[in-house]
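What follows is a set of notes on a single structure, which appears directly below.
Just so it is clear, A, B, C, D, E and F label the chains in written order, and each chain counts residues from 1 on its own.
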């Protein structure tokens, strides 16, 4: 694993480049004043991540920290299992079924290898970059507002006794690890069927270090973190996970270029049963993702589960109906895509909105993601093979913005807004976070891809693409029926 | 979603028709006298549903309701995920593998669309029809003994604080939602490979409204509910779920008629691996179904899990042996069918019977369901494509009746019978409930199917059936290997 | 089910044979003196199994036993579901994908039938042979140090109230049942594509009785059990499950002989997507296996989960890299095999070692299992069809031995060593246990296989093997696409 | 001898086999093929990407027969396989120089 | 009439169909086949077990044409299917004694 | 030239390829087919529904050869593919009017 060294070098090297981008948006927002105003609102916030990250700081102090709760721990152990379940097998199958049979194994392999790689990187330094809070102070913008230090590298300080909220830190660290695994894996769908396996590994290691860990830190690491101080509402990862991955996917699709014969050759999904199974696994696993983000087994988790289910079902029907109306027939790929769109959109909103909000978000997400993944993609002509952008970025934006609307109790939300918080104000905060994320990850992903392209090349040869990645890169055949 | 309006119109319209059927059986049973006698027996009943539905009434009253228990909540969050897991992907694959490859997607699509549709209907009015208990009184037969009102429509009154027993009402509502999803989905197996997708959606919306929600209400909504007052024992849904769906399936198979070429053409399962996977997912998910019906993580859930496992394993071996003896070879489809039969049969009994009872129920269910799905079906000649009746109705009846036997501690049961409760008496109550369910759902399902047939037609054209539903209804192909 | 009688006869008959093998190794270790020295170390041991088995004795005594904890119970209900999930569908698919398409159903059928069979045997006498502790005394070697009595047959004495630790005994009994299911199922991979189904059932019933139940008893049943008294560390089943099954698998492969045409015919996996899905399910299910072995939802479970994830990811990358270096290309089958190797190796170590230890064990297991399953197997030429020995036995030994190293706090372990415990000493104890297991199960498996071969024959005919087991033994075809 | 190759609609296979068997042709070799012709195919749509699939699944039947019954066999196949709808298929006949039964080495008519 | 059988590289199918259609051949029957020849196959490796796969996926096109255009068709196929790389395939031509359109019973040239 | 079509038992493919290669036939085209004949098929049972499957998986080998070695090739195939059990298959030979190698345009014997 030489990435750590390499990437940390690249890290410092790139920091200048990104700071420009930051200034652009961060400046107006990062007035300690405004931040400290918002802080209280946050203090009340029932968000588990809040509790969570607060605890990471005071984890040791027994008298301050609540004691371990076996019920909360039981749920978080389960939630962690569910989120891992989303990536392998869930996402792997969802994507795998959509490619041509000659590339099925390559997609499964990419998701699986990412799982192993992120597990190691998270252990070595990822957890620390994301959740180390040394040097952070509410409302104060510093280097550590963007990324954590290395004090928690190799889980330093994590003992049997250390808690995060009411659960062992070991569980919290593993739970967050599963998020660090699925986010890069989501990007795979954008460059499927044409990227070199080796280049994929290197890019993912870099992207995890430069884009994922810092984003997690900025949103979830607590007082002093950039977007946390802005007061953004992102319960389970609309910005950190979906917009982040969705934008990176679009950039990757553009940088690599379309698959050979895209638009002329038939590139129909080779096995939609796999896609259905994957989508179903993503759906059930997502309860670990959203309800698990409550980091406890209580009312917040319960409500997160309920709205997740409502939004998903609604979005599935919305996409199905849109397709039925526009094309004349509903399709399986359509309805499952709608479900995923709904899951994506409710991610930042779960734990914040109520049933009514879930219905609304689901309907909007279902229709907009349908338009983005069909009409818009055709119109613009880029080859985002499996619609990472159309579903995750678009769905993530819909969710992030509407969370600012439906989180308010007046609209059935279950969030406790702070003094003087207004829908307009919160929507603005949400929007800023979205813009920031798009620029941040967009710019950096582009740079990273270019670097990898120059150094080892991103794309397989024509013959390899022709023969299929399974045989050409892995010496294996998907089906010998 | 125009169903609500349409169906509620149909609802009132049909009520007269059904009341005849009711009188037939309800009359002798519904004497307040007898009911109130049985009531105490129930009061003791450790059944979670009891606690559950009682709580729904007094949910708000903090001093009466037990406090939230994070352990119980943790388990119920998990159980909910498991039951959803049963439908998508579980049931979808179980059924999908048994059809011909040209119809695989249509089956997956039906199950998935039902999941989305029921999610929305449950949110809009289903939960209310099932669990709203206004106007109910122990032993008093009223309109509300059959169906709930609309006070809980759109989860009205469900807040972060509202509890059902020791868990958030949001979790209870979602848990029950998953039951409302899988029950209609079970019916799909009966009319597979020949029903119009649109007709399927309309029928399911109607059936959910007229058959599922009321049945749930009559059995599980507590004092004042028809069969609850009779004192029927149905821990996890023998009548509500399996007999209900199984009978509706048979009616659907009869009304639609057999597939073209049934009996002459080869209609072998196209991919039994999918069926095995689906069966396995149903098995593991079923623990959420049965042990989850304890609505707590305690002794009742534990025993429900143990007997579920014992009964399932036994039934699997019983079906396998029966086939081995009668045909000379055991088959995969046979043994997995046996497992499902065992799961169905133990459903009403779990939480009531002990290991010995589980062995007995499993053996009986395995053999009887084998005979029903093979010999009997051949003999009668109806085309219940995937044996919804032979497995779910027959298995459900076996379980419902034998629950009345093995629930008694004298036979190793863990149920606490009330004063003067006798096996004969309980078996009679169980039988009455079975008969009532068969008549109720049989009559109404028939009427609903006929209505849909007249209005939009139930069946695809010959050419569509010939070409396969995947291409003709969804413009998709299942396999492009 | 005539096995019980038959096997118990065989049991007594074989006991003499095995006692020789025992003497060989047991003697030097079984000095009550040494044992009682180690005992205290154990008493402190936070191992759940310890608590567990202690409780089984005093389960009834309310004042001694801790009360039921809903959180611990919630997790153990979930863990039980997860372990069953590992076998069906997990292991079935993992193996099924690797065979040729004409044998896919036979493998799925074997795993499923084993699940049913072990469920019944565990109910009838297995639980008792494994966990009945009558007549056992710390440090005293007796017949009951090897196997339990029949006092718990048919779960005698298991009531709603009986607890094991803080969970219902019903849950503990079901959790352990899932271990009794997967262990024999693991062996299937070794004789795939050529064993008679009937012979497989008989052999498994015998092996479960003679090898599995006693091994479980010797390691996990508490004071007075052979290896428990030695002070072996086996958190979740390195010896009991993996070495036990791995060695039995090798013996089976040798006794049955290679598949026809092995080495000349192409025997490529027919559907690696199934294998990937199975591996992924094993991975997620394994958290129930390892973290569940804490029999509680606390710090021990949390750490077990974290190290399981770390070790698995590391081993996956290790195998992938080894293959990449030695062959020039990484493969999907390779990386998933590496993950399984990691899961196997961490099994005895989870709950004992820390993150650092997990990284080390994963790296070693990944490389050694790769060498064993590729180079070594080629070299020796035996046909262990799906590498049960190369992955489970080798990985199990790596884990068992290294647990003795990395369990020590000085090396980041979370185990609390007793007075004067040394790494050398513990490694020696671990090694003894490994040797004992290899000899015990090796000798007995061989004898059992020979008996079955003589009585009913182990192998299918040439024509059946040629036609494929699906059609010849089950009258079913795997794919009708 | 003649080698007859018929391209028919898949669901007609059983009837055709029956028909030729009645004339005394006991063996046939069948291949699943894709047919392109006047008959139109269908469309598939995946997330807005529409594909026109021109080919249609057809069944190719190959059977060697004695000259004496060739005519008859061709006729029988046409009669049975005919639905009257476009796409019914074709029958091709070529001269068979030699036929051998592998098992026995019998040649010519005996081979069939 | 002639029955032309061409073995080509799969991804050339569409072009070939287009080319023959331009000459007026409206129908063709296509079969997925495995080709063995000079072109080398590939290797597969599963847990150390290495397999040499000699065959390559090829597409077999069968088309009946009138003698008058047979030459032309064969040429067209060769021109379009040629990549110059080994493994491009073969074209075989045999005399067609008879051809019938099942739907109409038309024979000879009318059948095509 | 001759176009030889052999229907054999699948597991005999490798031996047959070897045998003809020894005679100098470097290329063959192989198709998976279903055979109906004297050899009986098998039964499948699914939940009481029993199906008789008459067809058996066979392998169809197509190879074009020079007249000079046609006899020899047919013999070789028969010898190698023979198991003596029913179902061994057939070999058919038709005259080949023309053969072309797509890559080079070579015709006749050079094409093979």
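The working rule: a contact is a pair of C-beta atoms (placed from the backbone, for glycine too) under 8 Å apart; a residue touches a chain by one contact, two chains touch by 3 or more.
Keep in mind that this is a model prediction, so the values were computed, not measured.
How would the remaining chains group if chain D were removed from the picture, with no chain shifted?
Ignoring chain D, everything left is still one piece.
Using the touch definition from the top, list the chains contacting both chain D and chain F.
Touches both chain D and chain F: B, E.
Please work out which of B-F and B-D is bridged by more C-beta pairs in contact, and write that pair.
Spelling it out, more C-beta pairs touch across B-F than across the other pair.
Between chain B and chain C, two touching copies, which fits better, same or different residues at the interface, with half of the numbers shared as the threshold?
different
What whole-Å value do you get for the distance between chain A and chain D if each is reduced to the mean of its CA atoms?
55
What is the distance in Å between the mean C-alpha positions of chain D and chain E?
18
Rounded to a whole Å, what is the gap between the Cα centroids of chain C and chain F?
Here the centre of chain F sits 49 Å away from the centre of chain C.
Name the residues of chain A that each touch 2 or more other chains.
Residues 69-72, 74-75, 78, 268-269, 271, 297, 327, 329, 331, 333, 475-477, 479, 481 of chain A touch two or more partner chains.
Name the residues of chain D that each touch 2 or more other chains.
Where chain D meets two or more other chains at a single residue, that happens at 31, 44-46, 94-95.
Between the chains shown, work out who touches whom and classify the graph as line, ring, star, complete or other.
If you draw each chain as a dot and join those that touch, the picture is no line, ring, star or complete graph.
Output every touching chain pair, sorted by label.
All touching pairs, sorted by chain label, are A-B, A-C, A-D, A-E, B-C, B-D, B-F, C-E, C-F, D-E, D-F, E-F.
Inside the complex, what are the residues of chain C that reach chain F?
Chain C reaches chain F through residues 466-467, 471, 475-477.
Across the complex, what residues on chain A touch chain C?
For this pair, the touching residues of chain A are 1, 68-75, 77-78, 80-81, 84-85, 88-89, 92-93, 96, 104-105, 108-109, 112-113, 115-120, 123, 154-155, 158, 160-161, 167-171, 173-174, 177, 197, 271, 274, 297, 473-481.
Give the list of chain C residues in touch with chain A in this complex.
Touching chain A: residues 69-72, 74-75, 78, 82, 100-101, 268-273, 276-277, 279-281, 283-284, 287-288, 291, 296-303, 305-306, 309-310, 312-314, 316-317, 320, 327, 329-333, 335-336, 338-339, 355-356, 359, 414, 479, 481 of chain C.
For a test of understanding, state which residues of chain C touch chain E in their complex under the given definition.
Within the complex, chain C touches chain E at residues 98, 266-269, 327, 329, 331, 333-334, 337, 373-375, 377-378, 387.
Residue numbers of chain E touching chain A in their complex, please.
11, 42-46
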